[in-house]
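The first chain written gets the first letter, and so on, giving A, B and C; residue counts start at 1 in each chain.
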Amino acid sequence: MATPVNNELLTRPDNTSGRVISSSKLPDEVKGTKRVRRSHRQIRTENVFRRTLIIVGLTMVVLVLGILITLIVQSTPSIKSLGAAYLWGKTWDPVRDIYGALPFLVGTILTSFLALAISIPFSFAVAIFLGEYYPKGWFPDLLKNTVELIAAVPSVIYGFWGLAVLVPIVRSFESSIGVSSIGYGIFSSSLILAVMIIPYAASLGRSMIQMVPSNLKEGAYALGATRWEVIRSVILPYTKSGLFAGVLLSLGRALGETMAVTMVIGNTSFMPKNIFSTGNTMASVIANELPEADKTVYNSALIELGLVLFLVTVVINMIGKRVISRFTN
Amino acid sequence: MKGKIKYRIGKSGGFQLLTVILACSCVLPLIAILVYIIRAGITKINWSFLTNVEKPVGELGGGVIHALVGSMLIIFFASIIAIPIGILCGIFLSENKKSRLAYWCGLSVDILQGVPSIVIGIVAYIWMVKPFGYSAFSGSAALAVMMLPIIIRSTEETLKMLPDSLREAAFALGMPFHRVILKVIVPCGISGILSGVMLSVARIAGETAPLLFTAFGYQYLSTNMTKPMETLPHLIFKYAVTPYKDWQDLAWGASCILLLFVLILNILTKLITRKWKVQL
Amino acid sequence: MESTIVKSVNYNAYFGDNHVVKDVNIDIPRNNVIAVMGPSGCGKTTFLRGINRMHELIPGATAKGKILLNTEDVMEMHPIFVRLKIGMVFQRPNPFPNLSIYDNVIAGYKLNGIKLPKAEKDKIVEHSLTRVALWKEVKDSLTKKGSFLSGGQQQRLCIARAVAMEPEVLLFDEPTSALDPISTSTVEELFHELKKNYTLIIVTHNMQQAARVSDKTAFFYMGELVEYDDTKQMFTNPKDTRTQNYITGRFS
């Protein structure tokens, strides 16, 4: 739409005198009109825009509350009929209508913490490498970007690769140490998970280590401390809450990770006997069974697992975020 | 005394070496995966792979066109939902730092960021699949929810970094609020916003868990958003766990395409945003 | 006889519970340069930002009282109208980094969605840049980004941007405090030119600058308007002891 130019806007200086006719000197009928009308339109749009922003902000709150309420409401059949025994029952047998989620809780905890234990040395090493030893240069840049790419690879691809490459290796490893050699199972899942969660703790740890004030470090160096002693007695204590937050974020990822785990854990609903046995995590059992869960209680029991997963990850992430914001302020 | 110092220096050097080795070895699994997937996948990609739909076991010439089209459609619709809402919400958060709604909104975004994708899948299943049946659109909705926190946070962080003087300059010219935001603030932060959008697309392109019980999967080419649809990650999952070599080959080819797409998108994000960054 | 263009009546401004401008009454005559000076934190900038309603952009900031532009109360008008009539230049030069020099000058039109024919735009740009003595320096690099200019040039670009909107009043918030001495004197010379067409209100904590450029000077102290008089009068014969102390440098 070509807005015709209003008279007032055209009151340019006339070139001969170089004087500007100020709008207040204009006759009243020229003043206002289109420019004022335009501005009124602008004000209306401005209000609409402000309101849209508030609605969008509200939408996010409603969305999250909606997710929580939906999960709770849909879990009630199972909460009502199974009660707290649901969390302690060792048997999961939908055919006989027995729903005990303990095997999945144990499976989830085992895979996540094992993965965490494997990944921490590596992610801390990356954090220290990039944060303290080599903060600048092309190689650290490359390493940083590559580690970030680890988080970008789709989990289904980790799962597929694990299936094709890692499971056979684990199988031969298992037979060499004399445990039941299936290859699938909690150990394989943990290995895959460990790789997947490295970037979370690493990148947070790196930024935390870079925030250590240099006068603290210099103080220690001035006393004749070696690099390792500075790291151990200045940097690590200073950043410990930040590193802890990074570990929590990694843990949150590991708990909720679905596809890679589903593909290599073996999907059995028994209590895992040791870290080499097959099993199921909360996420993997949902992925496997929700589409075919036709009975109300069965369906609802799976959704309750989702609710547990939701609450646990929310709590872990909230603690992590709190720690980070306390640290950075 | 001298021996003690030598020991300490040696220990320090030893630790540094250990750190370097551990840090560099993190790259190995990524390289192993990249090399393996590309070697296994690239040979499977040919014309019929790119133009046919999947075939039953034993028949030659199966392809993944249905999954390619499906992935693109589902990502496209997810983006249409998530990009405007995400950017507006990011603007809301950066412009209302102190309001109570902004606090709750920010908290919600934090929560949403940590929610496992499978849980979002469950909720999309309850909201859209239970009443209306499996549909590609329910998949888009689930993926859109996953995109939101990434877009919102990157928009918010970018806009918060812009100096207040920019907003003041715009307001002082008599610009209404929406023009200040859309004509000055957003264009100056476009690189950060764009990188958030691209990263969120890369993130959901490989997402499988929420699609298991929303878009569900389908063996023919379909463009109907209200019906089930195949996607690349779901196809990989479906065929990775089968014992048949033909089908596994399809999965390898699909993995190769998906992996390259996601990695290239990630790298492009880095390059483009660096180039588009407005010099303040 | 000089006519009043801006008049404040019992103007008060607050940041939350903090009362930063207290009952200011001031008459500002047309086509004059008014310097507003005072020690840091005396409310002079807050008062200036109140005149074109920029004050309330800060969360928690409120204001009471009247500010009359001609005869209309600014506080009753929508801020958009106010800011179209009262331009502002800030402490630090803030050209739009994503726009060219040309687009920066007509930013007020372009970004407000006011469509002008090309010839018209060219005329505004040339005229505004000439006004701020920048035309000769940048006429060959109009398509370059505004951030390509030096600090002093950027500040003059910002003045041109405000002038292009043809406001009645121009507010300057310590416009030279981020500039080197040479740029400062260029900008100060501009004030003499600009006052032929506009009314200029300049906040400064540089007394020499106030004495050099202004016709009248207002002295703020602890949020109050202590003294307001012709500049010559104020600097040679201040009536209030606080003003005297400030001018003679007994506190800063």
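We take it that contacts are C-beta pairs under 8 Å (C-beta built on N, C-alpha and C of every residue); 3 or more make two chains touch, one makes a residue touch a chain.
All values reported here derive from a predicted model rather than from experimental measurement.
> If every chain is a node and each touching pair gets an edge, what shape is that graph: line, ring, star, complete or other?
Contact pattern: complete, every chain touching every other.
> Quick check: more C-beta contact pairs at B-C or at A-C?
It is B-C, judged by the count of C-beta pairs in contact.
> Between chain A and chain B, what is the separation of their C-alpha centroids in Å?
Chain centres of chain A and chain B, defined by C-alpha means, are spaced 12 Å apart.
> Taking the mean of the CA coordinates per chain, how far is chain A from chain C in Å?
Roughly 48 Å, centre to centre.
> Going through chain C residue by residue, note those that touch at least 2 other chains and give them in order.
80-81, 84, 112-113
> Two-or-more-chain contact residues of chain A, please, as numbers and ranges.
42-43, 46
> What are the residue numbers in chain B that touch two or more other chains?
176, 179
> Which positions of chain A touch chain C when the two form their complex?
My answer: residues 2-3, 5, 9-13, 19-20, 22-24, 36, 38-39, 42-43, 46.
> Going by the contact rule set out above, which residues of chain B touch chain A in the complex?
8-9, 11-12, 14-16, 18-27, 29-30, 32-33, 36-37, 40, 85, 88-89, 91-93, 95-96, 101-102, 104-105, 108-120, 122-123, 125-127, 145, 148, 152, 176-179, 181, 202-203, 205-209, 212-213, 216, 233, 236-237, 240-241, 251-252, 255, 258-259, 262-263, 266, 270
> What residues on chain A touch chain B, complex-wise?
Contacts found on chain A: 42-43, 45-46, 48-50, 52-54, 56-61, 63-67, 70-71, 74, 121-123, 125-126, 128-130, 133, 143, 145-150, 152-161, 163-165, 195, 198, 202, 226-229, 231, 252, 255-259, 263, 283, 286-287, 290-291, 302-303, 306, 309-310, 313-314, 316-318, 321.
> Would you pull the chain C residues touching chain B in the complex into a rising list?
Against chain B, chain C makes touches at 52, 54, 57, 59-60, 79-84, 87-88, 90, 92, 94-98, 107-108, 111-113, 145, 147, 158, 161-162, 165.
> Would you pull the chain B residues touching chain C in the complex into a rising list?
97-98, 163, 165-176, 179, 183-184, 187-188, 278-280
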